[in-house]
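Just passing along the structure, written as structure tokens.
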Amino acid sequence: MSSVFLEDLDAETYAEYLSHPGSTVIIPTGATEQHGPHMPLGVDAMLSSDIAAAVAQQIGALVAPVFAYGYKSQPRSGGGNHRVGTTSLSATTLIHLVDDVVSSFLEQGFQRVVVLNGHFENYQFIYEGLDKAVKQATDAGSDARAVLMSYWDFVDEETLDAVFPEGFFGWDIEHGGVLETSLMLLLHPEKVEMDRVIDHSPAELTPYDIFPEDPARTPASGCLSSAQGATAAKGQQLFDAVRGAVAKALISEFGLPDSKRKAD
Amino acid sequence: MSSVFLEDLDAETYAEYLSHPGSTVIIPTGATEQHGPHMPLGVDAMLSSDIAAAVAQQIGALVAPVFAYGYKSQPRSGGGNHRVGTTSLSATTLIHLVDDVVSSFLEQGFQRVVVLNGHFENYQFIYEGLDKAVKQATDAGSDARAVLMSYWDFVDEETLDAVFPEGFFGWDIEHGGVLETSLMLLLHPEKVEMDRVIDHSPAELTPYDIFPEDPARTPASGCLSSAQGATAAKGQQLFDAVRGAVAKALISEFGLPDSKRKAD
Amino acid sequence: MSSVFLEDLDAETYAEYLSHPGSTVIIPTGATEQHGPHMPLGVDAMLSSDIAAAVAQQIGALVAPVFAYGYKSQPRSGGGNHRVGTTSLSATTLIHLVDDVVSSFLEQGFQRVVVLNGHFENYQFIYEGLDKAVKQATDAGSDARAVLMSYWDFVDEETLDAVFPEGFFGWDIEHGGVLETSLMLLLHPEKVEMDRVIDHSPAELTPYDIFPEDPARTPASGCLSSAQGATAAKGQQLFDAVRGAVAKALISEFGLPDSKRKAD
Amino acid sequence: MSSVFLEDLDAETYAEYLSHPGSTVIIPTGATEQHGPHMPLGVDAMLSSDIAAAVAQQIGALVAPVFAYGYKSQPRSGGGNHRVGTTSLSATTLIHLVDDVVSSFLEQGFQRVVVLNGHFENYQFIYEGLDKAVKQATDAGSDARAVLMSYWDFVDEETLDAVFPEGFFGWDIEHGGVLETSLMLLLHPEKVEMDRVIDHSPAELTPYDIFPEDPARTPASGCLSSAQGATAAKGQQLFDAVRGAVAKALISEFGLPDSKRKAD
Amino acid sequence: MSSVFLEDLDAETYAEYLSHPGSTVIIPTGATEQHGPHMPLGVDAMLSSDIAAAVAQQIGALVAPVFAYGYKSQPRSGGGNHRVGTTSLSATTLIHLVDDVVSSFLEQGFQRVVVLNGHFENYQFIYEGLDKAVKQATDAGSDARAVLMSYWDFVDEETLDAVFPEGFFGWDIEHGGVLETSLMLLLHPEKVEMDRVIDHSPAELTPYDIFPEDPARTPASGCLSSAQGATAAKGQQLFDAVRGAVAKALISEFGLPDSKRKAD
Amino acid sequence: MSSVFLEDLDAETYAEYLSHPGSTVIIPTGATEQHGPHMPLGVDAMLSSDIAAAVAQQIGALVAPVFAYGYKSQPRSGGGNHRVGTTSLSATTLIHLVDDVVSSFLEQGFQRVVVLNGHFENYQFIYEGLDKAVKQATDAGSDARAVLMSYWDFVDEETLDAVFPEGFFGWDIEHGGVLETSLMLLLHPEKVEMDRVIDHSPAELTPYDIFPEDPARTPASGCLSSAQGATAAKGQQLFDAVRGAVAKALISEFGLPDSKRKAD
């Protein structure tokens, strides 16, 4: 059986892959959270998984089962954890989940681990879990290396200008906005209903968080900016930019052998 | 958008579902672990997810994203955690994962939660997480109820006789055997390679566990019994038996309103 | 001072024992839980302790203080944690208790550790604690080995037929039944009141768990099967079978030196 | 069945006891640690258990299974955790053990919980566990009350003068000394070998702790003061003083109904 | 005694303050980490503490003892945790520290809690701790409210233009740069040595993290941008902007009674 | 910059200090808790910090940022955690805080770590954190050493007689009494108001703890003994005695090189 998704491989094929130098696993992480009335709850997991697969294809890596549940949605980047449809993990659970899974991959012999994040709020907790797992492996003599990245951080200025011709207001308010919707229109068009997009100005958020959350502070749509301008074409631009830049970064970081790279 | 998988629903459709009495979520749980040379690593997650979907269809429930990582594989039920391809969680991580996700669903308003387990070793840790989540909800005044089940416990005697004509040796050694392979042949035939099945007698296991694990104790195939007799037809028998019995049990337990039940 | 119970040894005698190759400690684990109106709350701890002592005598091991508190009683194997008289630990407490105590014994120099379990629900949590303790020791260069077993898993078919002439329905429903009562009649007859045994059919349990527990699902006696047929003679048969089989397994696993073995 | 030890009671007798106002459980806590060449490892558990039983008899309470494992032995009060024969728990395990067991007793309906400590180093960790358990119960509306005590804190000045005619140097260095040995000579004379007592001056300890421990700092005997002057008669004096004072304190604290008190 | 620092108040004065409506505590959080050769390790704690005091003065709040230790320094915002002088907490410790301290203040009767953060990497972990503490209080019926903010998020565009005339490259690389150095020149000039500032271009950082850290990736100075342009006058501009904006936000959020506000 | 407080050092000066043999860090630990109407809440942190600085000056050590929050105040040594002004940590938070900070210092290269405690209730929890941190370092090959001390344990008999001419009743009831008040009169006279001292007999405390706390058991003043006899002169005597004895002990323990010692 041949697939970039390791869950589709049999144990012998998997073991064979692991025996090659530069064996690399990409773990996509997302969330189960509301993304407005026009997109499904699984957006973050779907996108990080799709991008991971494209990158893995290009650099000869395997993709691990996606982390479908993420850290609590925060009002300033996801609309808030109080919103129905948002099913979240506490910080310590996410930290230990990353630590366990990464440690398990390192013990099996992976030399390189990539966590490709698709949910804004996850980053710091994945950082801690990854730091613990790699430190433990390193202390035990391993020369394993890991990388943590959020895919949107690889969108270059040129693409940004093309996708957001009227100006870009920051990744934090892209929740349910043009970035995610364009990518979904490209990759899962049957799961997007553009006629249900609610058009509104970008959310004007306070530069601080309040507890308990105040539902009235974020747009009723659940999105922090409007997806009105989203198109599959923009999705293609974003996807190509991200896939290319992520693959380039990983090849450079890991010094991957040429024999592993396939034609783009 | 219409789907039994909640990750495919938009937030409004999801909220609408939740507003009905008897709202029920089924959480399938599996593992990422070797299943011999003839089946993929994701078998447990795939089967629990498929069965959950079929049951959800029948009783009007939603299916949550599958838990793709499970508790450590144990030699006496899964071949052992030392086998390449087995990527596991520690007990406390799994307990907290269940607690967090179930608590999150209960807070959103689900009245019934089902955990449908597909990995033998998970059971007791899910039990603890579920017990904690429901106790906390109950202490806070909720009348929420939950059910924990492993799907194979719903195979009746008649089906057992039909599927295992030469005798049934227990679910613990069914890892990678006739049950799982038959179901995979039915549901994911493209992921099974019957010509790679290694035929051997059922593993003769000690009635105790040893630490550290001894790779020589379990069959080199990674399976605890041979899948030689597996067929898609047996898969259909098993699937029908399980789906029917699980649905019946849940309808009875939860007193689900008739309007939710669809024709079988 | 001479005893198989290490709590009765002075520090010098204990140190002397430890200096011999093959030094082995057996940790009996039980629970404090209701066992019906005819037996005391401490049954599980008493039986695992007694069996541990008999085996230790035979193979030259020491017995550690029993774990008198165990994991929550579950309805399908113990009647349920809601029953008065049942005083339980959470999963994480039990895991850490096992990890701490086993690690402590390994640090003192024991080469072999046995956990002899007497409470059905404990098994998986002891497994995790033992796995962690041995892994840590092994990672630090130790060649220590450990074994985990529940004593009833050593009752052979022949004994089973003799003790349960009308058929055996599974160890899970033996809570407060013929097995435990017969052993208590043999070992602690003054703590059994056979005239208080409530005779009823074996509990018919659902093949799943529900939360919160439903007291009406299990027999009012607190026992899952009737102890009516229990006798001290059956207790002797069971005791001999278990002691012999456990001792044989440990001698074989640990390659214990002949000089340590005493006449049976 | 009648006993002050709840492990010896059947579930119905236990439930009957619990239904009375003022139901009280005493949990004795000890340790498994070296007590020199003249006494067994289980001294702390034996003494707290015996005293708990005597007090329970007097005030109509029940005694729970003893905590046989305690916090790490510290050089300034127990000789140190590095000594062979000392099998210890970490702080968090002990805290959670106390929390779980006390919470479990409170849920069953006990109105009063006493932890009677017999191992110097345990105190603060039991304090935390007890504080958490009672706070949780109180927050949920319970009017349960608990008491934490170390038995030696109930020896009065007069007894002290009688038992230590040459002066008393503090409870911290009584590890393996006259107090414990006298009580053991009274209660378990067959487990004491006075001819193995090593006579030495009281340990001169630094007023601080060092890490890692330095085995050379404490007496080679493992005892912090000599047990040379111990006698069963002194044991009787100590036992009577402690039993009387503890019982008096509990009766006063709990306002126990007269009908529960038995003649001394 | 009169002070905005609660550690300087006696218990009666403190209790009197708490009895007023709108009682507010500000908890400054920082870190102990290297800030290049020209500034001390305690910069983050000093600055958050000073700003907290100025704001407290203005709105009639109290300032709690600063959290002097913070989360691990990350290469992309602080130079990295491997640098000498950086003394850090793990994620779970910081989360529990925040939870405990905030819960303790809420239990004493504070109605408003502000965490004023001065160390970039702390934010998400404080978020989790604060979320837990407030959720627990709210579940128990409290109407307490809390706010989490990093002080630099209150620098307005105008001030930014004035302070960074050659362009502003983001708060993440302001570690040891113009912002912190200017504020230190204003508030603790004796602790800054401008002649030791190392002038270099802003660090060019990868848009991802690598594990283990690579010391060669960040400037040898330990700073992520040069402090060359820092002046006390800029410090005054920044300080005034931040104090004013933070105070205004808190007055608005908390609806503080006029009687509490003092002249600016 | 030159200071004994490491938070005031720049990274290069700090690194230079660390490169010398015998590099030593002293971590002062205190609490935020009520100390009666005549002294501020920060007494414990202030005193441990001041003494640490004086000792550091003498032996050439550095002082780390003080732990301003401590374990729960207990009625028998601090008046109780229910008193307003007392802001406490749970046991596990304090343990992990000590573990993290000490581990961090050991990783940076400190060869000696001293925890100088100023809050009675902290001791055992610091012990656990320190034990864990040093054990982990030692297991990894480090020869680091650590010391844990409470400053009052260094007051000699002669000083005791001078300071408490009418008799000394034990350090536990010195909370808010003559010891702390005299030291504060010496070191922070502007923070003491002697005319607000409430004169009362030493608290008569039970030899056990009760849960929940009973506010009526301890003096309304919040102090366990009267500070009436406190003077700055006594403070000087105490301070000199403690500083001298602590410095002497550390020089002896650590074999500090003469070149590090400055004139007293």
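For reference, chains read A, B, C, D, E and F in written order, and residue numbers begin at 1 within each chain.
Operating definition for what follows: a contact is a pair of C-beta atoms (placed from the backbone, for glycine too) under 8 Å apart; a residue touches a chain by one contact, two chains touch by 3 or more.
Note that this is a predicted model, so its numbers are computed, not measured.
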Discussion item. What are the mutual neighbours of subunit B and subunit C in this structure?
Written reply: none
Discussion item. Counting one step per pair of touching chains, how far is subunit E from subunit D at the shortest?
Written reply: 2
Discussion item. To test your reading of the model: what rotation angle superimposes subunit A on subunit C by C-alpha positions, in degrees to the nearest 5?
Written reply: 120
Item to complete: Could you label the subunit A-subunit B interface same or different, taking same to mean over half of its residue numbers are used by both chains?
Response: same
Response to the item:
CA centroids of subunit D and subunit F: separation to the nearest Å works out as 29
Response to the item:
Chain centres from averaged Cα atoms put subunit C and subunit F apart, in whole Å, by 48
Worksheet item: Which residues of subunit E are in contact with two or more other chains?
Response: 90, 92
Worksheet, complete the sentence: Among line, ring, star, complete and other, the chain touch graph is ring
Discussion item. For a quick check of the interface rule, what order do the chains take around the ring, beginning at subunit E and passing next to subunit F?
Written reply: E, F, D, C, B, A
Discussion item. Touching residues of subunit F toward subunit E in the complex: what are they?
Written reply: 1, 5-12, 14-15, 18, 32, 34-42, 45-46, 64-66, 68-69, 83-90, 92-93, 96-97, 99-101, 104-105, 108-109, 191, 193, 196, 222
Worksheet item: Quick one: in the complex, what on subunit E touches subunit A?
Response: 71-72, 74, 90-92, 95, 121, 123-125, 127-128, 130-132, 134-135, 138, 145-149, 153-154, 206-212, 249, 253
